[in-house]
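Each structure below is given as structure tokens.
Here chain A shows up in two complexes: once beside chain B, once beside chain C.
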Partner chain A sequence: MADKTQTSANFSSVPVMLLLTLVSLPLVLMYAYLFIDTISNSEAGSLIPNELTLEHWRFLWETRPGKASIWLVTLNTFIFAGSITAVILIVSSMAGYVLSRLNVPARGLLLAGVMVLHAFPSVTLIISIFIVLQYVGLYNSLIGVILVKAAIDMPLGIWLMKGFYDTVPWEIEMAGLVDGASRFTVWRRLVLPQIKPAIMALGLFSFLTGWSEFILPQVLAPGSQVQVLSVYLASLIADDNNFDFATFKAVGVFYVVPVLVLYVFFQKHLMNIYGGGTKG
Partner chain B sequence: MRTSRTLGIVMIAPAAIMIFLFYLMPAILTGIFAMTNMSTATGISGGVFQVTQGAVNRLGPDMPELASGIAEPRFVIDEEGLAALEALKLKPGYAAELRGQHIGEVFASRREAERVIKALKDRPSTREVKQISDLFNRSVLNTRFETRDALIGNLEKLGFRLKPEEQDKVARETYTGWVWTTDNFKVIANSPDMAKIFLNTAFYVAVTLMLFNVSYALFLAVTTHYMPPATASIFRAVWLLPRITPVVIYVLMWKWLTWDNGFISMFMGQFGVPPKNYLLDNAYNAWFFVILINGFIGASMGMLVFSSAIKAIPQTHFHASEVDGASRWQQIRYIILPQLRWPILFVTCYQTLSLLASFNEILLSTRGGPGRATEVWSLAAYHTALNNYTGNLEYGLGAALALMLVIIGVILSLIYLRIFRYDTLISKPLIED
Partner chain C sequence: MRILLDKFSKSFGNTKVIEAMDLEVGSGEMLALLGPSGCGKSTTLFAICGIHRPTSGRILFGERDVTSLPSQERNVGVVFQSYALYPHMTVEENIGFPLTVRRLPAGDIKKRVAEISALVHIDNLLGRRPAQLSGGQQQRVALARALIRRPDVLLLDEPLANLDAKLRLEMRSEIRRLQKETGITAILVTHDQVEAMSMCDRIAIMKEGEIVQIATPSEMYNDPRTAFVAGFLGNPPISFLKGKALSGAFVSGDGNFRLPLGSLRDIGDGRALTLGIRPEHFGPKGDLVIEGKVAFAETQGRENLYDVVLADGSVLRSIQPVRDDVKLGDCVRWNLSSEAAFVFAEDGRRL
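For the complex of A and B:
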């Protein structure tokens, strides 16, 4: 591609680049100020900071009355995102293998069903899930919302894993069978190691969506003991009595940094999945 | 050795159970709840029969006599009351005379009952009259009856002989639990609010989809295609940020940009424009920012899909066209766009569904405001059933709204299962055992 760009001496890419820079400016500005505002103060009405400060990070060592401690909330978020990742990886790596390779009845139908669900507006189910969780007593508990979130992301996981299993050569499995291994052993010992990149990608993706999820915990587990960071931050912002953008941003940075770190280090893995991602 | 069939069933079972419990069942339940009038007021587990003032008012027009009757206190001389009277150990003559002379009599007011009690031969004191009359108070207003029979039985004791259809009506009006009904759909079809929300949704989905998810994504994909790889990857990374940033922070940043103490206000302040909340001051601005907020997220998916499709075009096409003196525009028009027909269709289908269902961003930024200017269908379902200011959460109506989306979702995904021929993706297993 670089080669081609150079051969085309008739055209310069500078104007396009300028245009794109201009439209990207709001995004860059918003992100830049997200970080700048958390460690600095500026005079009223001015956009240029005039002093450095750590006061906006007070929330790390001071717990506001009526709010959960940030560390409990962070722990909850780790448990939430981690459990979702574990459940999705285990369940969809098994189901994906079945749909890709094993001879089960109605395989085509199952796969089509998964595809329909994958494209399904899952948030529309939230009303009945809310009522069901209340009825079975899992409302306002981390377990309930973990199960729901994992199940909602499951179709995408199964679909992805199935796609990756499809690329593993049959010869590997046949060789294993000839040597006397069972289908299960073949899967566990020979096939799974082949799709490590897929497991990596799906694991990262699940962790990030779990970490970012807002509406499910907000509706299904709003209590202060089971709050996750997204709900915590949203409740800070919604609280009209303590309006302080810099603190919101500091909490926001605290919340977004793990995401950005993972994104920077594992961009390649993630690109594959976001290409067919599930967000609007 | 287990056959692949049993192994397959065992291995797929966890996924099947989870999907059944948290996907299919909620979808079916959404359909069921949509046919009820469940709300906070009715509860979700069933109700009792209670003659409330509201029920009396509703019964008023059809059964004025009954309505005024049950709203008033009623006094009945019955065995239950007599037993209680005997237990009070007042003069034995009271109970004996009431039983002998007045058993079964019904009085429409306390005054009438007390007149009879006062006239007893043993002459009860005023305090005793009050005490005795209380024992015979059989008013139904605000009393809870566990079953319909208990309610009707009590009304009969009070002297209301009801025809079966009247009984039905009374039972219906006094029941506090939820009932089956199709009213939700009538409300959706007839309410002007819903029509407005429908138009909002159509506008929001169409404009965001065309401007950002397709056009702007296409623009990003094509422009980054013509850039040196390093520059291109920077721009792609920047435009992926909205998608990977957790939605709460992403919207927070937009609030910082648009609120009255935010960036735009401060920036305009340099030129003497008074600060204002650009996000919520009027419906046009609200829509403008709602579409930007969602569009910036949506653009990245199209960008990635289109970029990889452009990358799949053989380089020789571009080289040949350059030799023939094609302009950039001609390359885009005759080489790139024809190759992108299917990706564009795919993104359109996929994102229509995502946009229909996405309400996180709108909820967090404008909450559907100002007024209800930016309320869309899925947000309306959420507001109706799970979060509103009046406090009466109408699960039934909300579920009916959600059901519409579920149906649209299933239809759209079936259509694109057909268009994109997913059946070709299933290959037969090569190992049969």
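For the complex of A and C:
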């Protein structure tokens, strides 16, 4: 998408900026205090901190009794989000192509079915999934919750990929076939590069939803060896004995940093998911 | 290599596009499939290159039956209307792609790409991507890609449709030059009669999935088998007059003029006929005087084009060397060359 940052000569942007600043001030303050509170202590009831401290970030170098190490949890989260991304990308880039281009019996039914699955709230399935996972021995394991989360997010990916594949001209594929390439080569070498923006976007999107997923890991993989950050965070606030609000905030900041980094570097690609075209 | 279509039929679902078509293209020949859009010419082309499977009938390359072979095993080169270049690859990678998928050594590919790109005059553009090329250059890349693995057959699907007028002229002779130099059998699909006539050895004119006539361009122009063929070839197009047969002559609708024609000797009186007159056969020279009013005049630089409305309202076109004595609205008495006129029966058959 082209840059839309140019300002209009006919309208001054000052009043709009002013209004937006005013409206978003409370949000900005909230974020500011989220950060300030993690590196300082203040008197009860006071807004101004009276000392700087790193004690709330202690969780980074010491593991509390009964809790998992933050680094193990972070690694788990990366494995969780990364695996989901990989599974979704591989399956939906192939399924999308098949649904867009090959002669599939009952294509309409299939697409509608996939859509219905997407519309299904995962919470309604959680009890049955719990039972199934326990039955096959994947309860309290990362693999189990990865498979479940990937399966639930898959319909959106398949639909998105199908939409992007639909915009790739048929002639490119025909040319590939008469040039002597097999159907798989055509897909891999000619068609897939055309939808690279979509792959980027879907990959980021999947990673971010995986990173922020809470309810599935909480129910299906709560054990301390397989905890992810969202579950760890929740366990902090649920712990009535050692209630520490500042540490909770520090973990929260720690949790959100990778997301911010991704947004900063890849927001152009992420926008593509709503653009729906093969733009680079 | 000779191409033979034997009783080739193709239908999509219940729609029959082509039924029992026979067509033979000689080795080294360039044949045009000419027809209006929707006449099945592209379908035929896609069947020859293996993208569509024929519903019935056979397709032979030389003596080899390729009917059930997939595209990959047919060794055909295709130039698509949109060129279908691979946007993410450079020109060099595009041209080399057919060899790359065959796993040829990289050195050989480089050499062959250099050869073929010199042949189509794009050897200075190898590092660019398709988006950085003009229409004519893209066209040359597409040609090079189609030719690089020395195909048995070259298929061109409206290759000039996306070019501007001047480039079209240039690429017309360019494609013909390459075809002659490589001696490859080629089929050109087009709806433009000028392209077909200027580039090809023979023309197969198609209508509603059938071949109406196959002939060399000049044969077809001078001896059209039906009114459709006569109307399709020629620019400016032929004009048609309605009339009927009366004792061995064509009589125009209002009886204003009669034209004795040998071919009408055995035709019963009163049969409805159509007379086709090419614009170059109506003008100052000829043997039959026809009177009318100039309703349209256009100068094309070297020639002038006139539409003359006759008394019964029908229109005759005339093309003449430039003159400035005739103006819009003038009444003219021009002559018609009766031996050059075509007579068609009511069903369009030439008599």
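We take it that the second predicted complex is superposed on the first by the 245 of 280 C-alpha atoms of A that agree within 3 Å, B and C clash if a C-alpha of one lies under 4 Å from a C-alpha of the other, contacts with A are read in each partner's own complex, and residues count from 1 in each chain.
By definition in this document, a residue touches a chain if its C-beta (ideal position, glycine included) is under 8 Å from a C-beta of that chain, and two chains touch if they have at least 3 such contacts.
Being a predicted model, the structure only gives us computed values, none of them experimental.
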Which partner chains sit in contact with A:Tyr255 here, chain B, chain C, both or neither? Use first/second/both/neither.
first
Could you look at A:Ser182 and tell me whether it touches chain B, chain C, both or neither (first, second, both, neither)?
both
Examine A:Leu190 and indicate which partner it touches, taking first as chain B and second as chain C; both and neither are also allowed.
second
Which superposed partner A:Glu51 touches (first chain B, second chain C, both, neither)
neither
Between chain B (first) and chain C (second), which does A:Met174 come into contact with in this model arrangement: first, second, both, or neither?
both
On chain A, which partner's contacts cover more residues, chain B's or chain C's?
B
From the superposed pair, tell me which chain A residues show up as contacts to chain B and also as contacts to chain C.
174, 177, 182
Sort out for me which residues of chain A touch chain B in the complex.
1-5, 7-8, 10-11, 13, 16-17, 19-20, 24, 26-31, 33-34, 37, 45-47, 87, 90-92, 94-95, 97-99, 101-105, 107-108, 110-112, 114-132, 134-135, 147-148, 150-152, 154-155, 158, 166, 170, 173-174, 177, 182-184, 187, 208, 211-212, 214-215, 219, 229-230, 233-234, 237, 245, 248-249, 252, 255-256, 259-260, 263, 267, 270-271, 274-280
Of all residues in chain A, those that touch chain C in their complex
169, 171-172, 174-182, 185, 189-190, 193-194, 196
Could you list, by residue number, the parts of chain B that touch chain A in their complex?
1-2, 4-5, 7-9, 11-12, 14-16, 18-19, 21-23, 25-27, 29-30, 33, 38, 44-45, 220, 223-229, 231, 235, 237-249, 252-257, 261-263, 266-267, 269, 294, 296-298, 300-301, 304-305, 308, 311, 315, 318-319, 322, 327-328, 350-351, 353-361, 363-364, 378, 381-382, 385-387, 395, 398-399, 402-403, 405-406, 408-410, 412-414, 416-417, 422-423, 425-427, 429-433
Where on chain C is chain A touching in the complex?
46, 49-51, 70-72, 74, 76-78, 80-88, 97-98, 101-102, 145, 149
